[in-house]
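Take a look at the structures below.
In the two complexes below, subunit A is the common chain; its partner is subunit B in one and subunit C in the other.
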Partner chain A sequence: MVSKIKEVIKIKKKIGILTSNFFDPAGQRLIYGGAERYGIELTKLLLDLGYEVEWWQVGSGWIRDLMNNVKIKSIPVTESPYETMPTLNQAFLERAVDIDYAIYFVTFLAYPQVKEKSISISHGIYWDYPSFDNLIDGDNGRQEWLRRLKIALSGPDRVISVDTSTIEWVRATWPGLSHKFEYIPNFVDLAKFNPEGRKPILEQKPIRVIFPRRITTVRGINEVVRTAEIMTKEVKNLEFHIVGRGHHDQVEKELMKWASEHERIYYYWQPPEMMPEIYREMDIALIPTKAAEGTSLSCLEAMASGCVVISSYVGGLSDLVFNDYNGLLIKPTTQNLVQAIYSLLEDTDRAKRLSKNGVEVARAFSLDCWRESWKTVLQEVFN
Partner chain B sequence: MRKNKLVAMMVVFNEGNRFLTRVLNHLSLWVDEIVILDDGSTDHTRKICNQYPKVFFVENDAHTFIQHEARLREKLWNITISRNPDWILAIDADEIFTDRILDAIDSYLEQKTYDAFAFRLFDFWKSENYYRVDGAWNPWIKFSAFLVRYHPEWKATWPDYVIHSGRWPLEYRFVKNTFQSDIRVKHFGWARPEDHYRKYIFYCQKDLEQYGKIQPHTKSIMASNDSIILEKWFERKWMVGF
Partner chain C sequence: MKIGFFVPNLLSWSGDQIVIGGLERYAWALIELMKDIGWEVEVHQNANYDWQQEVNGVTILGHGVARFSLEASVEQVNSLCDRVLYGSILQKPMYYKENSIVISHGVWWDGKEVSSEQRAKIVKNCGDALKQTSLMISCDYNFLNVMRTVFPDLTDKIRVIPNFVDTEEFKPAPKKKSKQTLKILYPRRLDYCRGTDLFIQLANNLLGKENKVEFLMAIDHNRPQYNQELEPFLRQDRVKGFNLQFEEMQNIYRQADIVVIPSRYSEGTSFSCLEAMASGNAIIATDVGGLTNLIINGYNGILVPPRVKAIETAVNFLIHDSQSRQRLGKNARKTAMAFTLDRWRKQWAGYLKAVYLSGDG
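Entry: the complex of A and B
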């Protein structure tokens, strides 16, 4: 009888998505990085599939509109022992009692307990930078951190990984868990990011090199800064564009001042909707990540726009770039960046081939493909 | 060619010998209309405003800012929205955007992700070369919303403040999808040392009316030179399109 009534009323199933920060904890500023763009696209897909969606995150208890008909609610939690958030996890389970399914937007949020019928998302290995040790108290805390990570990966029905390197790490560490994983790489919206009307590669002066990333050490900003200093001195008509927010005001100030003191070096940032136009005016994109990387949206967008990508074999970047086929893969040092840029400047035909293949490869990572892959997993787990 | 209309709104009072000409010269390059509410000027402010074709000029009979700022701001807001804006720029007669705005403004107004744009405001101190960075004067640690998308369906209420009432109705403050821009805004309100003591006395009186005591930021206007930290302004390269 009840099921008949439900059928008649067509009750929408509700999905709760738990994240750490979509807005800043005060609920004032929307954080709009790659992960958040992922969250927006995922929400759009879920709404298109007829689900009701509700987000939860860290905050003082405020509730806000994230999108039309989508609320984001906050839970006052601050502690994160061993890089997990068990209090947030538990509060989510207790408070979001009306949800049918759960998506843990970051893997560690699925510790210690998950809702029955749940999915978590791995955005890439985040424990591969030297100071991560400090967060878990070095060897003293490593075992406990691993224990918690294993529980977090064990709970959900499925773990979506944006790259293969995370899956390989898990397969080597806990072979019994690897069946949980599903590889759905990140996406690029080809309707926005494409080579249509772009500047011909390396033909028009000035030649432009872009670093389209957050300004952090793990993304290789220090190596890029040095590379820009060296190369703008040595090569006339070469411009460097550093395009992205810093994590700290001081970093933005210093970079702005530094750029103002150097010819042909620019530092700025733009709303995401401007990025397609910017990429079309660039020749080379630098993605010299040193740690904590998945399948970078910036890398995909630059590639889809026809920029020649110089990237590193870190995290999921080697899922996107095949050396000397659709870009260059290097160890991210200043010397290697300089050499890689020179090698492109000296062989325009090769650069054009890499650009063309990059556009082709990016098609395999289309937003449409990503939506289809997610749809399949959602049907398997939630239906 | 952009589709959305940008209307700047500004209160002026005896700006004839200050920065108004420079401000209007610059604004005329990138906004569609400039609503100016003259709060009872007795100098040639009106004459200056009338030289600019984009200015929509309205005059108060008497100087009302000193009595109740919020009411004045509300009046300005109501005139501005009557001009059918898609976006509204709230700016003072001593504030000038750096030139990168000329390049960026069309994309800001046409994008769909953000409903407000916030900028870093630099308070020039006793000169047009140095800005103040000590304490709450530090421009690097905060962004102020100057540019907001107009939502006819939103309410617009004003706090009952005699001073520091803010430039926006309460509903337009803390817009959740605000873009923090890298474009800087110069504020020349403190650039002339001869203005400092007069403005200090004014803000002291208003603080007493509003809060019952003088606010630390007001006190810092007259801080000794030892405790004031200045930084030299640096120009950024400006790309004219690509």
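Entry: the complex of A and C
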């Protein structure tokens, strides 16, 4: 009887999620990358589990709706010394007074202080490229940056890592912290991304190669551009589709001009809901990331759709692809990309095997599995 | 072409015993390959006194100067051989010859026992080795990922060749009879870094709860005091210890239903894990080092953090779900086919020829 009364008067527990930029700081444009899609799915799960959810981010103080019954509030902050945002962190603690639990959507946001019951999320190693040094003032700042990162990782009860290479990095750097980590790889929605009704691999002309990433150097766009030029010249009936947004209009314009000068090379972008359809028409997907990579959603989606994935081994990608089993793992250079594509064109049976295994492996990364894993962690930490 | 291959302990320091371990098996496979390419291989190693032996048709030279310093032993190799292949990264600053290859067997400084000062030194030594040599061959991708965060400008020199398994030798049992008891196997050395104690805790927790499980340990006798400590545990009902030769290992995998690889740290692409995969076992491995380059959670095994509770949950799940055991085992066998010896030899041959048949020397 008592428990029944408690049930009736049970108040929903509220979770505050702190991020840097879900919308751009002006609150106008939704930044729709992999991390943001992660945020949407996480919010849906939390709502389904009966939590109330509120997001916080950088902005002038505006408040807006993220989705039904979910608000996103902003805090004016401009500085990010040593790749951390202590002012945002503190303002969140002071202002989000009515939350019961906190999720730090990016690890460094948990510096210097955290809500008593909290979880943070690591989306992969982002400090593995030479110019990262510039952000932390080189060797002078490295110690301070590391000190802050260590504090950020120490605070939360649990750190969810989307890949194992981040966990191994922590183990190799601060072994005493690795017990906080839990590996929950990224997900793919198999109801949308699947090989049903797809173009049979490498059977119908034209053969299509897709680069389904943001147009940035760390994602390997330069190597892909060169590869596209070489391959479309040498192989007839081969098309290159570069599908993704750039960070600036200028970059996008330049690529459109470039694509206009080359036959069978196309540059465009489409909203996420169009991507399943596009993948079904593609044979080969290129994920030649050079740095800052987790368990890429694009890689999982291409794989689940039956594209043969040619991927680099950076960050979490080696958690998704085993070389010559469900794709090819290469060092991301133009020469290697060209060679890898040729090796598939020359051996269709092998390409089909890789595609088939890719579809099978992708099932282990289903959205359902991801939700189950998260649910377990939430119950452990927020009870 | 003559090549000096430095392997710290291919034989015991006195030169009278063949050492059995992952590193050594790796070395023998590489010696075999270089001989097949037509090269003359001379192995150099640490020793108590200077000696020379012929084993399996290979000359092995033991350098007694290792008693004074392991670095001196490498210096000896450098002075005797024009071309040197370094079998592992050395623990101290070292001079590596140009136009050479050095092998990384994975991150080994990720345990709590290593002080932060030591750790910084080790990482620096890895960077020095990278700088001096032409190529570093790593057995897993995590080593490369860790290196990239410290030396993003040097990691272009790292190539990954995951370890191998003989998929003919290690095969699933012809037909698994429906048995009364499930056998859970630990096929590793007795070592804290390999998670021996985690397996023992797991067994102790489950023996009382589950009647129909048996715990098998296929372990070494390298350090007899460890075996002595383990004796009371092994004396229990439904616990068995084995000290097996390599040739006998395939049988123990065939008997097993579930294989646990509970490594804590210092792990590459473990031969044991690969052998269990090839044998079609349902595998529970930790998300440590190169194990994540072999197991995809929920596809060909279960990946867990190196904690007893997590391992126990996974074992419990598998004990009561024979369908999942079969599915994971089947996919494990299938995945093992991507890690064949043949593939390993082809990749290695390419790099060996590229480095040692060009350049000076």
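Simple rule for what comes next: the second predicted complex is superposed on the first by the 375 of 383 C-alpha atoms of A that agree within 3 Å, B and C clash if a C-alpha of one lies under 4 Å from a C-alpha of the other, contacts with A are read in each partner's own complex, and residues count from 1 in each chain.
Heads up, the rule we're going with is that a contact is a pair of C-beta atoms (placed from the backbone, for glycine too) under 8 Å apart; a residue touches a chain by one contact, two chains touch by 3 or more.
Because the structure is predicted, anything quoted here is derived from the model rather than measured.
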Touched partner set for A:249, first subunit B, second subunit C, both or neither: first
First, second, both or neither for A:165, with subunit B first and subunit C second: second
More subunit A residues in contact [subunit B versus subunit C]: C
Contacts of A:364 with subunit B and subunit C, given as first, second, both or neither: second
Touching partner for A:260 - first (subunit B), second (subunit C), both, neither: first
Contacts of A:270 with subunit B and subunit C, given as first, second, both or neither: first
Intersection of the subunit A residues that touch subunit B with those that touch subunit C: none
Contact footprint of subunit A on subunit B as seen in their complex: 100, 104, 107-108, 111-114, 140-141, 174, 176-180, 182, 234-237, 239, 242
Contacting residues of subunit A [partner subunit C, same complex]: 125, 127-130, 132, 164-165, 167-169, 171-173, 175-176, 178-179, 181-183, 185, 291, 313-315, 318-320, 322-325, 329, 331, 357, 360-361, 363-364, 369
Residues of subunit C that touch subunit A when the two form their complex: 107, 109-112, 114, 119, 123, 141-142, 144-146, 148-149, 152-153, 156, 159-160, 162, 265, 287-289, 292-294, 296-299, 303, 305, 307, 331, 334-335, 337-338, 343
Parts of subunit A lying in touch with subunit B, wherever the complex brings them together: 23, 27-30, 32, 64-65, 199, 245, 249-250, 252-253, 256-257, 259-261, 266-274, 277-278, 281
